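Should a chain be cited, it is by its letter among A, B, C and D, assigned in written order, with residues numbered from 1 in that chain.
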Amino acid sequence: MFGNTIGVLFRVTTFGESHGPAIGCVIDGCPPGIKITQEAIQHELDRRRPGQSHITTSRVESDHCEILSGIFEDLTTGTPIGILIRNQGADPHAYESLRNVFRPGHADYTYQARYGIRDHRGGGRSSGRETAARVAAGAIAKLILAWDEIKIFAHTIRIGAVKARKFRREEIELNPVRCADPKAAVSMVKAIIEAQKAGDSLGGIVEVIAEGVPAGLGEPVFGKLDAELAAAIMGIGAVKGVEFGAGFKSAEMRGSEMNDPILSKGGRITTLSNHAGGILGGVSTGDNIVMRLAVKPTPSISLPQRTVDDKGRRKTLKISGRHDPCICPRIVPVAEAMTAIVLADHILRLRAIRNS
Amino acid sequence: MFGNTIGVLFRVTTFGESHGPAIGCVIDGCPPGIKITQEAIQHELDRRRPGQSHITTSRVESDHCEILSGIFEDLTTGTPIGILIRNQGADPHAYESLRNVFRPGHADYTYQARYGIRDHRGGGRSSGRETAARVAAGAIAKLILAWDEIKIFAHTIRIGAVKARKFRREEIELNPVRCADPKAAVSMVKAIIEAQKAGDSLGGIVEVIAEGVPAGLGEPVFGKLDAELAAAIMGIGAVKGVEFGAGFKSAEMRGSEMNDPILSKGGRITTLSNHAGGILGGVSTGDNIVMRLAVKPTPSISLPQRTVDDKGRRKTLKISGRHDPCICPRIVPVAEAMTAIVLADHILRLRAIRNS
Amino acid sequence: MFGNTIGVLFRVTTFGESHGPAIGCVIDGCPPGIKITQEAIQHELDRRRPGQSHITTSRVESDHCEILSGIFEDLTTGTPIGILIRNQGADPHAYESLRNVFRPGHADYTYQARYGIRDHRGGGRSSGRETAARVAAGAIAKLILAWDEIKIFAHTIRIGAVKARKFRREEIELNPVRCADPKAAVSMVKAIIEAQKAGDSLGGIVEVIAEGVPAGLGEPVFGKLDAELAAAIMGIGAVKGVEFGAGFKSAEMRGSEMNDPILSKGGRITTLSNHAGGILGGVSTGDNIVMRLAVKPTPSISLPQRTVDDKGRRKTLKISGRHDPCICPRIVPVAEAMTAIVLADHILRLRAIRNS
Amino acid sequence: MFGNTIGVLFRVTTFGESHGPAIGCVIDGCPPGIKITQEAIQHELDRRRPGQSHITTSRVESDHCEILSGIFEDLTTGTPIGILIRNQGADPHAYESLRNVFRPGHADYTYQARYGIRDHRGGGRSSGRETAARVAAGAIAKLILAWDEIKIFAHTIRIGAVKARKFRREEIELNPVRCADPKAAVSMVKAIIEAQKAGDSLGGIVEVIAEGVPAGLGEPVFGKLDAELAAAIMGIGAVKGVEFGAGFKSAEMRGSEMNDPILSKGGRITTLSNHAGGILGGVSTGDNIVMRLAVKPTPSISLPQRTVDDKGRRKTLKISGRHDPCICPRIVPVAEAMTAIVLADHILRLRAIRNS
C-alpha cells in the first residue's frame, strides 16, 4: 500500500485529476470467472455521484464508467481490469483565481510543498473526485466478497450535533444523509441546510459494518486487518479518525467490561458482546466488523478565510461554487468501497496459506 | 506493508514468539554512513522493558540486543541490519493449562481460526513481547530522523477516568505512567493499583507528537502519511482507535472552526491552529504531527472470565501471572517507534522524487 | 515486480487485451517537473507500431496515445500518469476458429490452465500488442534518464544464421531489421522474406546498451540491477535467454581473462575491458551496460502444426493472417523501454539512500 | 523483489556479512502445519558448505543453523521463521590489506560507489557466504513444494572446455563437481585442479530442472515465471546469463522447429518436445522447467592482477587464501534453493486466485 496502489493480491491503482481528461483505475489480481457487468459498477458510482440530492454539490457528472479490459463476455479473465471515467463537469476556468492561493483545510499547500508543482483546478489529484475510481474498484471487490457471502454497508450516525438514536437498516438509502434513523435524518438535513446558508459546513461520523466475515482474515503483525482497514479509511480525504468496536470508549473501560466473553453456539465459536469490533490481534473473529470514522466538515466554505498565496502574501478567501456542505452522505459508498477492497485482498491472502 | 514487514524504502521485518528462543528484526534500506551503536538501541529497549516499575509486569527480561549485521565500525553500510534479542524470562510450562483454551480479548481464537495451529505460550507471536523488535528498529529510525532534526515523543494523556490537565514535557519520563502532568500521574498510578487489586485492568489514551517534520511527507492517494501512521499505530496490540489533530471532535465542528487559517511567518508558510494534526490531504504541513491512540484495558485479568476450549467446551478462566494492569506506559516507546519507522520511510520516499 | 506492475519507486502497471477496447498503462512515482509531451511518447510508439515495413505484420494500428492524467501544462506533477491507446485494427471474428484450439508456442494453453478462461482473440492479454503500453511507459522513463544523461539503444545482432559483423550506430534505425551492420541487414531481410515465403519464421539476438549509467545502481542481494533487468527483459514474450557482458562465453573463460582490470582514468575509476557488462555484484560499475537477449522465432506460422483443442481432440493448425515473420526489429524498442523502466526505478532508489 | 527480500507471498529476507557475527534469514508467508526440522535445513546447508572436497575452498564453516521462530513442535505456525547461522571461520585480519583496494571481478568498487562505505572483509555482504541463508530458506521452500510433489535438482553440465555428454541423475551427488556424467566429472575435476595450480579459475554452466510443476504457475505480464526465475538466478553472484529450454539456440531455429507440438496423453495436455523449457507466455506448461545458467570463473585468483586503491593509485594484486577455483559445484544447491523459493511463491500465488 503506497503511492496510488492499495492491496497485495487484490490491487487497485487509481489515476486522474479532478479537471483533467479522465479518472480511472486498474484492478489487478481479480480472480477469474467472476461475473462483472458495467451496470454493477455504475450502480455504485451512482451512489457516490454528485447532485443526488439538494444537500450535495450540484456539479454535474454522469460518472459513466467504461470497462477497458480484463472482462471477456461478462466474466473476469484474471487479467487487469481497466476502468475509465471521463470528466465532464470540469470547468477549469472557474479555478483560475485559485492558481496561486492555498485554500485552508485543503491539500493545496502540502502538494505544492511536496511536488513544487500542482494542478490547482479543483484540487487536482487531491480532489474527492478521485474516490469515484475507488468506488468502481470497490464494486468489483463487493462481487468477490459476495462469493463468500460477505456484505458491507455504511451509514451516517452523526452530523454536527445530531446523532442517530435508532438503527433501521432498510432506511439508510431512503434519506439523503444515509442515516438509519429516519427521524434523526430529518434533523441532520435541517442542520446541513442551516450550515450551508451560513456559508459554513458540518462534519460527522460514519459507521461501516461488514457482515459475514469469516474468522481468520488478517496478517500479523504488520498486515493486521484493522491496521489495513484503518489505512484504507484514513486514506479517504476528510477522515480524521478511525476506531473499531468500543474504540475510544475502551480507554475508560475495565478489562472485565471490555473483554468479550467467548462461547460456543451451534458448534461455532462466538462472543457474547462485540467490543472488539470483530477483530482481535489483527485477525477477524467471525463477528461483524464495526468501524467508525470521524469526518471533518468540508473545508470549502463561502465564509471569508485567512490564507496566503504562493509568495506568502496575505489573502482573504471566499470559496464560491458547488460544494457539499457535509460530505458524510457521499463518504458512505466510498467507505464501503475501501472496506470491500481490503477484505477482498485479505480473502485472497487467506486462500494462499490454506493447504488444499 | 503486509505480513511481518512494514515500509517501502525503510523496511522492518520482525520475527519471534514470546516463548521461543528469540525475537528480532531485520531493517533493510537504512541509508549508509549513519552512526548506530548497540547502546542507542538498548536505551530504547530499556524504556519498553518489563519490570521497570511496580505497575508493570514483573516478567524478568534483560532484553539485551545483539547487532548481527549491517553495521561496520559503528556505521551503517546500507546492508540489512539484523538484530537479535534472546528470550530469557520465558516459562513455557506456566502456559500448559492454556494450550487448548481461548483467552477472551486475546488473539488465541483468531490465530487458531487463521492458521489451525498456534504457539499458545504467552500468546506466541501475538504477544506484546514482539514489540521489542519494533522498538529496536524504531531506535534506528529515530537516528535517521535526527539527521533531519525530527523528534518524536509520546505520553499518556488518560488512564481510565483520569485525564492529564497539564503538559510539562520534561515530566514525562519521570513518572511510571509517562504522563506530562505529574499530579495526574499520581492519580493514574493509584487507579492502576486499585484496578490491579480488584483483579482487573485499565485502558487509556496515548498521544504521539512528531516535531520538526518537514512539509511534503506522504504519498497520495494510498500512501498518505496519516493512513500509514494509522496502520502502524493500529498494528500495536491493544490499540482500538487512532485520530489526528481534532480527530473525532471534528465531527462536531464547523468548517469555519476546523480549517486552520494559513499565514506566512518569517518567510515560512504555517497555520494559526493545528486542527489538522500536521497532515492535509495525506501530506505533512510542516506543523507538528499530533496523533492519539485509544488503548484498551489489558485483556489478561485475574477476575474469572467465561470462555471455551478448542472443543467448544465451556470454561471459566482466571489468568494468573505477570501482567501489566495498564499497558499505556509501555505503549509509549512502541508508539514512538512505529511513528519513527513510518516517518523515516517517508523521508526516504520524498528524497527519491526530489530532482537534485 | 509481480502481476502487471513493475518497479518499486518508478512503477508501471499495464492493462489491456489485443482485441478489447483499449490497452494502456499507469505510471506511478514519476518525479514532478519533468517535461513530457504526447509527441515524445508517440515517437516511441511509432517505432514499435506494426506495419512499419514489408517485413512486419500488416495489422493496421495507429497506436495513438492519449495522456489521461499526471501531466499539467506539459510538466509531470508527481501524480500517476494514465495513458490510453485504443485498439483499432482489432478483427475479433478472424479468431473465432481459434476459440477452443491451443496454438503451439503461444500462451493459449497455459492461460487456460491458469485461469480456466481466456480471451482467445489474438492471444488476448498475452499478445505482443500489450508491449505498446510498455513502450509508452518507457518513453517517460527515457525522459527521466535523460536528466542524468543516460541513453539506451538496442539493435539486432543476429537473425537466423546471419550475424552482424560491424557496428555503425547511426545505421540502426535506417534499415527495417534495426541492425548496425548495413550489409548484414540486407542478408537478414532476405532471410526473413525467404522464411516467410516458406510459411515459417526466424529468431535472432538483440543487444541492448545503456550508456552513461553512473556507478552505484542496483540493490543487493535480491534487487540486483542485472537480476531486475533480466526479469524485465525475460518478461518480453519470445525472449528465451538473457546474458550480460561475456555472458555464456564466460563459462569457457578463465578468471585471468574474465576479470576486467581496474584502472584510474582522469580521476575516474574504470576498467580496461567490460566482460562484466557494466554490472558487478548486482551494482553498476559506471561502464556501459551490455545485455543480449535470445529471441525465439515467431510461433505464428502458416505451416501446418499439430495441436489439440480444449477437449483434447487432435487438430492440424495453419495460422493465416498478419504476423511478423521475425519479431526482432519490433523487440528493439520494447527492450529499450524495459531497460529504461528498470534504470529509472534504480535511479530513484539510489537517490533515496543518498544523504543530502 | 527488491533490496534483500524476494517473493510476494513466500517472502525471504536475508541478512549478514561474510565476517560479521552471523548471517541468517527470515521467511515470511510460509503456510502453517508443514513439518520442518533443523535437520532438513542443515542437510541442504551441508551441500553448500565450504570444504566438502579438495576442489572447494578450505574455509572451515560448520554452517550450523538455529531456528529462532515460526516453528512450534516441529510444525510451521504461519508466523515468520527466523534462521541464524553464526560465522565461525571468519578471519578478518586476513583482509586488512584489502581494506582500500578494489579486487577485479568483485563488487568492491561498486559497493563503494553505491554506499560510500563497505565492510571489506571477505566481500562483506557481497560474499558468496550470504547464499547459505538462501539455501536455508530454499530448504523450507522445497518442503512446501514436496506437498505438490514438485522436485528440483541442478547439475553441472560444463566446466571450462569440458561438457557433460551423458545424463545419469543418480551420479550427480556422487562426484565433487555434481555432474550427471561421471566420465566428464573426472575431466572436470582435472581441469579445475590444473587451473588452480596455474593460479587461475574456471567457469561453467549449471542446469536446473524442476519436475512435477503443474501448469498455470506464473503471473502475466510482469510476474512471469521465467522472468522471476531469471531474476532469482541472476541474483546469484557469478551468474552472467540465464536461458530456458532452447534458450540462445532458439535464435537460430525456425518457428516450425521451435514450436512444441501439442498433444493429449492420457487426458492430459502435453507437448512432443520441450523447447519452451516448460514455460509459455510466462506461465508453466506442466512440462519440466529447464533452465541453464552461465557461471563466470571465480574472480579470486592468485595470478597478479591490475587494479587501483580507493585513491586511484595503481596496485598489483595477488589474492591468496581459501577460494573455490570453480564455483559451479557449490552453485548447484544455491540454484536449486532460488528455484524452489520462486516456485513456492508462485504455488501460493496460484492458490489465491483459485475459487474454492
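Of note:
Methods note: a residue touches a chain if its C-beta (ideal position, glycine included) is under 8 Å from a C-beta of that chain, and two chains touch if they have at least 3 such contacts.
Everything numeric here is computed off the predicted structure, so don't read it as measured data.
Between B-D and A-B, more C-beta contact pairs are found at A-B.
Most remote chain with respect to chain A, judged by CA-atom centres, is D.
Centres computed as Cα averages put chain A at a distance of 26 Å from chain B. Here the CA centre of chain B is 45 Å from the CA centre of chain C. Computed from the mean C-alpha positions, the centre of chain B lies at a distance of 38 Å from the centre of chain D. Chain contacts: chain D has residues 3-5, 8, 14, 29, 32-33, 78-79, 114-115, 125, 220, 349, 353 touching two or more partner chains.
Taken together, the touching pairs cover every possible pairing of the chains.
Chain C contributes residues 3-5, 11, 13-17, 20-24, 26, 28-29, 32-33, 66-70, 72, 75-82, 84, 114-119, 124-125 to its touches with chain A in the complex. If you check the complex, the residues on chain C that touch chain B are 8-9, 29, 31-34, 78-79, 147, 220, 348-349, 351-356.
By the touch criterion stated above, chain C contacts chain D in their complex at residues 1-6, 8, 12, 14, 102, 104-107, 109-111, 113-115, 123, 125-126, 130, 158, 160-161, 195, 199-205, 214-224, 226-228, 230-232, 234-235, 237, 240-264, 267, 269, 271-272, 275-277, 279-286, 294-301, 303, 305-308, 312-314, 349-350, 353.
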